Amino acid sequence: MSIKFTRRDLLKTAAAGGTVAATSSFPFINSAHAAEALSVVDWGPPWIDHAKKTGEAWGKAEINWTLHSGGAASILPKIKAAWPNPPYDLVDNWSPVFLSMVREGWAETVTLDDCPNLANIPEGLITKDADGNWKNIPRGTAGVFFTYAPENCPIEIKSIDDLLDPALKGQILWPNPTLNTNLQVVALAKARGGDEYNMEPGWEFLKELAASGNIGRVSANTSDVITSLETAETSVTFVDQGTLSGVKGTELIHLTKTDPTLKTFVFVSGWCVLSSSKNKELAFDYANFTISKENSELYYQDVGEVPVNINAEHDIQHLRFSPEETDAYVVIPDWDHLGVELDNWNKRFEKDIVPLL
Amino acid sequence: MKLSRGAILLLVPGVGILLAFLVLPLANVVEESFRLFEPGRIGAAKDAPYTFFNYAELINVTYLYYFVETARIGFIASIVGLILGFPIAYVIARRFTPVWRKIGVGFLIGIMFLSTLVRVYALQLTFGPTGIAKFLTGLLGVSMNGRFYTELVVILGLLHYLVPIAAITLLGTIQNVNPRLTEAAQALGAPRWMAHFTITIPLCVPGLLSAFLISFTLCLSAFVVPMILGKGKVLFVSNLIYSRFSEIANYPSGSAISIIMLLLSLLIIYGVTYLVTTRWIKH
Amino acid sequence: MLQRYIDHFGAWAVVGTILLTVTFLIAPIIVSILMSFDARSYLGRFPPTEFSFHWYARFFSDSYYLTGLKTSLIIAVIAASVSTCAGVCAAIVLDRYDFPGKQALETIFLSPLVIPAVVVGFSLLLFFALLGVFQGYPRLLAGHIIITFPYAVRTTLAGLTGIRRNLTEAAMTLGANERQAFWDVTFPLARTGMVAGAVFAFAFSMDDVAVSLFLTSPQTYTLPVAMVSMMRTNFDLTIAAASVILMLFTIGLIIILDVIVGLERVIGGGVYRS
């Protein structure tokens, strides 16, 4: 039996090795980065370009970058498999994933001593554990919402039902369930009286959408979104603010305050220091550096998310909501629930939706 | 000839490679496919109970869809690949001067050498929205993002490597067919096309079969072409398995799909070989 | 007369098909070459309006691609050599000898082709973890040998099957013994398939993505893996520049092959020359 256990453990480790290796980092070689190099996980452009810039400006240690592949939750199995020695110190992530990390006990507690700049960040945005300890370092806040390119889109989109308009044949870029933790189907469900706990109306809506032939492409990563919109292959999608910053040369209208059926899901993004890290001080120092007033403004310029540092200036009108607008358009979903359902939703998408496309 | 001791020795390296790098690793996958998966985990737990759930879940009409689609698109591409590859091989083998033969062969090898990634990227640029998609879909009267065009581009993606592979495979076969036979048939009054259909092509059946099998098997396990050119709408079984492994970390389910895929593929290939050998080789 | 028309029509239809096919094979390559010189900073429509070398500058300032290319070459050379040797041995036995289970053995030899490469990669990953091997090279080599092996078997077999066995038998009635007949008759004819097999093995090793994706380590990754990860994160024209560099490299390879082996012999002369 003991041999058996060893084998299964190896399997887990190996499995992590494969997926991690695909994004170019490796759990078994800890010595390689144990010294003075920081191992940081971030998204592709525009995040990584911004991160490399700040990394150089910070300059206190070398940084090895690893990119999220597909949805940001896909980092979790990699960490889990390699625990207690995951090859990362600091992970850039967003609301749904923070909660999972806290629950697993992977997120190091952060204090004002570790990151003095947290003083300028509204405490309500910080993820806390059951005892009220701070568990992450928020950097930005933004939304996931519907958007379209008026120059390429045959119709003006005024409500979610316009997605079914026959004129939109092939025009919609639909994210697969691993992107945005399937908020896109939650959005459809909400429009038809459901929510993340009652997804049937959403799936029914998506079936109609798939059968209508309006879905021109299913995106699996941010590069799909950027390329498809830039080349005018598609003109309507559901996407997060940061990814949109990567779209050059195509004007977009963001449908954040257009109609109560078109919801905006608001999330917080930022850093999480892994409790397994051997470079915690450096990790906190770098994270602290990136949320300074200047760097928050730079983050806004490069990535396009609303910086959470209260001193940082920004001008993103479509993500400024008055209290009334918040009631009408903004949704903060049960992130935890989304994470648990993802496996089922992914299979549901394969079974019910893909054959209709 | 009967199997001699020397012949058995010749088989050792091949069998060794297969055992070490394929059979044993696959045995592992079989074991994994019977493990119970809990959402949120990576793979199965180490003491996960054995279950048939991963297989039972796949007995679903919509999962059958993925297998049928993969085989259908692969079959179309393979047949078209043979039809397009054969004349090229024939012309290079029989009609070209040595210099042109060399250029022809060099061209085919060059196209075949191209990395699939270079290929799909080039096809994406050419047949995608930055290229001639608008023109071509206008010509065909279909939608650029419609099912038909997406499938067409996937098939073109497969053909771009199937054609040179089929042509190169057939080149050897055609060169080993005695041209005097067709000449004799023509001297006896048969038109050229009939001479080819009744003599050249039947003599090439082993080569054609081998080219078809290479093409079809390549299609069945195609991964990059549907991943990049399929727009997330045309998915092969490989893509399904990859998402089980990389996106949602459900290894037991991915293993179960893999095993079914493996068995089906072997069945198809073995069946085709058996049918053709009993049909053609015997008489 | 009618027959003549049919022959003429047939000939023109065949020529037309060939031209169309060749155009289809070349056009995308030309498009990506032109696009790689596009001066625009984003992925715009073809054709480019202005030209520049900036995508190439980006490619060469990125050691990521260059390291991948080097690894790919090393792996492809070793894997192709190993699988060709093993594959030729196996093919000769499969072609020349009769024994129970021959058909099954052939199917098993070709089976790595049928198994989705994704499965091969994943199963090898688990297996090597079991053995405690985590370095990139041994794992990649194993993966590449197993996926190139069937090509070596298949092409050699196709070459051998084309040889009518009575040629060997004729040689033997003329006084050669079995071994002589093999080296004098079978082997030269089989060389066609053999060298083609090696070429196939090399090309497919250079090409593989799905298996390598699982078996790379941060230090050891192949060029296609590098390109996929770039395509997934940043689908820009640096990849077009990388493609052009790869094409140049391919042309170079073919020239080398021609000088050393001779392209004629790669494909083989066959029994009957035109």
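First chain written, first letter: the chains are A, B and C, and each begins at residue 1.
We adopt the following convention: a contact is a pair of C-beta atoms (placed from the backbone, for glycine too) under 8 Å apart; a residue touches a chain by one contact, two chains touch by 3 or more.
If you're wondering where the values come from, they're calculated on a predicted model, not measured in any experiment.
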item	value
Chain pair, A-B or B-C, that carries the greater number of C-beta contacts	B-C
Most remote chain, CA-based centroid, reference being chain B	A
Mean-CA-position distance for chain C and chain A (Å)	39
Whole-Å gap separating chain A and chain B, where each centre is the average of the chain's CA atoms	37
Chain centre separation (chain B, chain C; CA means) in Å	13
Sites on chain C at which at least two other chains make contact	43-45, 122, 126, 130, 214, 231
Overlap residues in chain A, where contacts from two or more other chains coincide	11, 15, 18, 22, 69-70, 224, 231
Residues of chain B whose C-beta touches two or more other chains	28, 32, 129-130, 245, 251
Residue ranges of chain B touching chain C (in the complex, touch as defined)	1-4, 7, 10-18, 20-22, 24-26, 28-29, 32, 84, 87-88, 91, 93-95, 98, 101-102, 105-107, 109-119, 121-123, 125-127, 129-132, 156, 159-160, 163-165, 168-169, 171-180, 191-193, 206-207, 210-211, 213-214, 217-218, 220-221, 223-224, 228, 237-238, 241-242, 245, 251, 254, 258, 261-262, 265-266, 269-270, 273-274, 277
In the complex, chain A residues that touch chain B	4-5, 8-9, 11-12, 15-16, 18-19, 22, 69-71, 74, 77-78, 80-81, 169-171, 174, 176, 178, 213, 215-220, 224, 231-234, 339-340, 342-344, 346-347, 350-352, 354-355, 357
Interface residues, chain C side, partner chain A - complex	41-45, 121-122, 125-126, 128-130, 132, 134, 136, 213-218, 221, 225, 229, 231-235
Touch list for chain B against partner chain A, complex	28, 32, 39-43, 45-47, 57, 60, 62-63, 65-66, 128-130, 133, 143-147, 231-233, 235, 240, 243, 245-251
List of chain C residues in touch with chain B within their complex	3, 6-7, 10-11, 14, 17-18, 21-22, 24-25, 27-29, 31-32, 35, 43-46, 82-83, 85-87, 89-90, 92-93, 96-99, 103, 105-120, 122-124, 126-127, 130, 142-143, 145-146, 149, 151, 153-155, 157-159, 161-164, 178, 189, 192-193, 196, 199-200, 203, 206-207, 209-210, 214, 223-224, 227-228, 231, 239-240, 242-243, 246-247, 250-251, 253-254, 257-258, 263-264, 266-274
